[in-house]
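Both of the next two complexes hold chain A, though its partner changes from chain B to chain C.
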Partner chain A sequence: MKKNISYIFNRIITALLYISGSITSIVVILIVIFLFSEGVGMFGKNPTEEGFIMAVNKTNKVSHLDAEQVKLLFDGEITNWQKVGGINDSVILFRMDNITDYFTEEQIGENFENLPTCLSKVVDSIPGIIAFVGKKYIDKNFVGKELKIENINIGGFLMGKLWFPTAQPVAVMGALPLLLGTLWVSFFAILFALPLGLATAIYMAEVAHPTVRNILKPVIELLAGIPSVVYGFFGLVVIVPFIQNTFNLPVGETAFAGSIILGIMALPTIITISEDAIRTTPRSMKEASLALGANHWQTIFRVIIPYSSSGITAGAILGIGRAIGETMAVLMVTGNAAVIPNTLLEPVRTIPATIAAELGEASQGGLHYQSLFILGCVLFIITMIVNLAVEFISRRNKRVAS
Partner chain B sequence: MNKKIKQQTAFWIFRIMSAIVVLFLVLILGFIISKGIGVISWKFLTMMPEDGMTKGGIYPAIIGTFYLVGGSMLFAFPIGVMSGIFIHEYAPHGHFKNFVQLMTNNLAGVPSIIFGLFGMSLFVNKLHFGDSIIAGSLTLGLLVLPIVIRTTEEALRSVNDSFRLASYGLGASKLQTIWRVVLPIATPNIITGLILSIGRVSGETAPILFTVAAYYLPNLPTSMYDQVMALPYHLYVLTTSGTNIKESRDMAYGTAFVLIMIVLIANLIANALRKFLSKKVKMN
Partner chain C sequence: MYKIETKDINLYYGDHHALKNINLQMKANTVTALIGPSGCGKSTYLRLLNRMNDLIENVRIEGTVLIDNKNIYERGIKIDELRKKVGMVFQKPNPFPKTIFENVAYGLRVNGISNKDYIEERVVRSLQNAVLWDEVKDKLKKSAFELSGGQQQRLCIARALAIEPSIILMDEPASALDPISTAKIEELIYELKDKYTIVIVTHNMQQAARVSDRTAFFYIGELIEYNDTKEIFTNPQNQRTQNYITGRFG
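On to the complex of A and B.
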């Protein structure tokens, strides 16, 4: 009997261990499912504000526009129909409020009972009009033409050049500036962190006296341990004003500030992984090189670095992954302007920063909310590719080593 | 001769580069400590914020971070250690183990804001916890899970196989061996990992943005379904979105100082523990 109980107990514990062993896999899968299911409803939806439509004069040749064009039209940046494929005629914007410019309140009626007729008359009388009107005021006698706005699709989302998710009358969601902003900031961060990190890793593994190494090691651990919000704070009060004064800029919150902070934050990852890789170089190889008359530097440059190159690559890639996913520090120092970056000295906005800054304001289940989850998916896919690449490199290493 | 000069130049470049890395740390720590230490007082640590967070203290944020660290560890530590034991002691070599390790590494590389999104959609919305300590703790717990698993694995790997074989030789079962022999030897190393992950959790901001953190609360939390203020979020608010950013700068320095101190102390304890342990092992 006692044996039975202990047997059952044994089985329970083993089962528990199996369950907790698979928890990380379950969490990764859940993350994928949740991010995707929260966001995917966005595709195929119309970005026009709900309950409203776009109407044009029935002689207008333009029958459909995408969100970006509508945004430019209503911002007054496109003033001629020719630019969007119509005839040479200037664009007249019309919103519901403008109705009083054309009709008196008496004509519209006390309870807006004549509004549909008035709208119809306005749209019919002005050839270049584009009207943003409530659906309920459009009746069957309406003489204008409804303008079709393109639904949100994956290509348009990833390649769109404008990010105005709360714009009226049409939400414009093009993630390209955010995507490029993320890569832009991360690229320069790595450009600056890689030489520093690599040199430090080689120094720690090969050159430094053990005492020096024992000082460097905890320094790097501490750098890794400083919270990102503290990095952001430091960047905001020290680096941002410094950049603003040195380059004489209107604002110091720039991609450059983000790159510096991200570079410092990526250093520990690059150093630790590269140092580990350098240390795995077999002693026999180093000694063979030294015995052939090569000095220490030649051995490092010609033997150790080539041997550990894949480990160093893994460190660099992982550093890039860290930089791409970093949120708070970037949010605080890059200025968050969603424009495609041209130089280092202008504000940019990254994907994580966008999510952090906008999710609080987006209403749950709305288009904006969904678009942020899709951004999360994009970010997740990028970091997943990074992780798998690192895994692939280090596994191949192990196989070569054994 | 040329060879020697090249070597000297290269090594000096390495030295300078390493010195720059150290300089970064000294600059950041030095700046925050020198600016923050003047703000720290007993009052600062034990009082509520006053006058639109330009005066008073950060007591509720400290308490909030304390709850969040406790809650996330309560969740992540047992599961993480069991998961580590499973991966190192139980999982048969092969595809399954590879897959589990791959997923653990993947989870470790997932950006913290993704955890925030996930925690919000699962804990806050789907499970209807609302913005609460429990939602924030679970989200943070998931974030540190890979770290706990890895340190446990590492700690178990450092236990010499001869201990296991000796235990088996005496007729102990696998569970008995793990419980009575392997874990006691590995525990101090696991605790080192735990301390480091406490440092990590207390500084994370992005995962708590949408799951628990509050801008300002006049009262301390009374249940695990309440929102709390937290140190890292408090620092973020003070520096970016407060109404009087200039006037609350001192409060921000003080908060950053407290955050840095938590990390610093966690690292010091972990290092001391590690040193103490390696000495003990040598003596054995």
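On to the complex of A and C.
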């Protein structure tokens, strides 16, 4: 009888655990599906502004361009058709407003009734023209040629070098600068946090007097609980001016500032996890080393660190994970220029900062909005890779240790 | 002239008086067995001889320990030098998470020796002396964890031999092993006696009788009796010794 009750009890507990486990997994999966479904509609869409088309003279050899090229043309950075595969002729930009340079208001007509004809004439008379015009003013007698703009695709999105999602006439969505910005800032953050964190962990686990450790440990754990705006604020007030003065820069908001702040933020994770790992080194292992005449430091570097390397790696990777996903502090100190970083002393922009900064102004369901969701997916995939790496490393080390 | 001399040793773990007035001398190239019930201070005494107790907080030690006529608790003694002279083998095999080769080479490397040929020669010789060579010669680059418990313990002995100590301390070296591995270790101890002075803690009376020349019986921190092994086992002077070796307590 008693046995029966405990059996049923066990079954209930098992069922509860099972249910809560599956609910959590389902929620996670739903979130990912949501992110993806919100964003995926972007691919295959045309980045040209709704209701507008690009037109060129009918003699123009160029028949299609990608968004980046259009952006450069309209910014005046490409001034010759040769650069985009055409003949040697300079580019003449034409927007709807420019029509008044060519025709008087009477010629166009009070209600723009002659506008289609005028547009047609302009495009026909200037061989090097590129015109950004409303679709509704193009009639069947239009003598120009419609320029095809490449649709958004995954390759172009991930590898594109320009991020101007609100640019006119064509939105340019190349996430490469954001991707590299994220990796760049995180990489240097970890480069700086890992040695420091490891040194602190070793100090706490092996060198510090227990009382010192008992003070230090909660302080470091507290560091993990400080909201990231506070870190950002600290960065803005202390680190940014410091960098600006030290390196004599026009602005101090740089990748370097972001790396330092992220490094500081990753420190508690790295320290706590590595310290725990170091402390799990069996006493017998340390004694074996000391009994062979090794001194304390030799024991630390030759036995303790190798023994706890899996824990240390896990700490570092989780620290990276934190750095990659961090938003607020980075947004505040990196200067947010979406350019591919060459040095540490340039402004950069990370994926999370981009999402945070732009989601508010992107109209729901629009191209820009969708692109931000895809950025979210990219971020998710990066963190997933990072976590799988942790899993892999700890599993491999478990095998070695047993 | 003794190899090891301990005079009027008192050792305290905080308030706990773990060793009481111990006076014990050991000659070079002998095997001394330390026996006694659990908690009587055998390990504590053993760890006194290579200053392993220094790692424990709140330990207080009184008295003198002379090794080769030198007080090892004197100020200015280099502990790592001492430990190179006094090797130790622990109760549970504790190889490093390194290859078999690197385990044995460890003591040499931390000693600052980097001559590859010399290290290799010493590793091979130590493994041979620990009667492990034939079993591992084809897998020196494999992890030490791949060995059996008995092999691991002999690896730990080889590791201790590699730095050429003159004294080897063994704390129940065979207690975690099967009878065959135990027999191998005992044989090994017998062979090592020619070159080393050995102090071994054991709970196994037969083992003490088989391997040791002298036996010391400890009881709650005191040295009750210390004599030739044969004498202790055939003609104990103290009633408690008698009770212990005949298995009436402990």
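The definition used in the following text is that the second predicted complex is superposed on the first by the 373 of 402 C-alpha atoms of A that agree within 3 Å, B and C clash if a C-alpha of one lies under 4 Å from a C-alpha of the other, contacts with A are read in each partner's own complex, and residues count from 1 in each chain.
Note that contacts are C-beta pairs under 8 Å (C-beta built on N, C-alpha and C of every residue); 3 or more make two chains touch, one makes a residue touch a chain.
What you see is a predicted model; the values in this text were computed from it and never measured.
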Touched partner set for A:290, first chain B, second chain C, both or neither: second
First, second, both or neither for A:392, with chain B first and chain C second: neither
Partner chain in contact with A:307 - chain B first, chain C second, else both or neither: second
Contact breadth on chain A, by residue count: chain C or chain B: B
Chain B versus chain C as contact partner of A:219, first or second or both or neither: first
Touching partner for A:298 - first (chain B), second (chain C), both, neither: both
Contacts on chain A seen with chain B and repeated with chain C across the two complexes: 295, 298
Sites on chain A touched by chain C in the complex: 282, 284-295, 298, 302-303, 306-307, 400-402
Contact set on chain C toward chain A in their complex: 50, 52, 55, 80-81, 83-84, 87-88, 90, 92, 94-98, 106-107, 109-111, 143, 145, 156, 159-160, 163
Contacting residues of chain A [partner chain B, same complex]: 10, 13-14, 16-18, 20-25, 27-28, 30-31, 34-35, 38, 195-197, 199-200, 202-204, 207-208, 215-216, 218-223, 225-234, 236-238, 264, 267, 271, 295-298, 300-301, 318, 321, 324-328, 331-332, 352, 355-356, 359-360, 364, 372-373, 376, 379-380, 383-384, 386-388, 390-391
For the chain B and chain A complex, residues of the former touching the latter: 3-4, 6-7, 10-11, 13-15, 17-18, 20-22, 24-25, 27-29, 31-32, 78-80, 82-83, 85-87, 90-91, 99-100, 102-107, 109-114, 116-118, 120-122, 125-126, 142, 145-146, 149, 173, 175, 196, 199-200, 202-206, 209-210, 232-233, 235-236, 239-240, 249, 252, 256, 259-260, 263-264, 266-267, 271
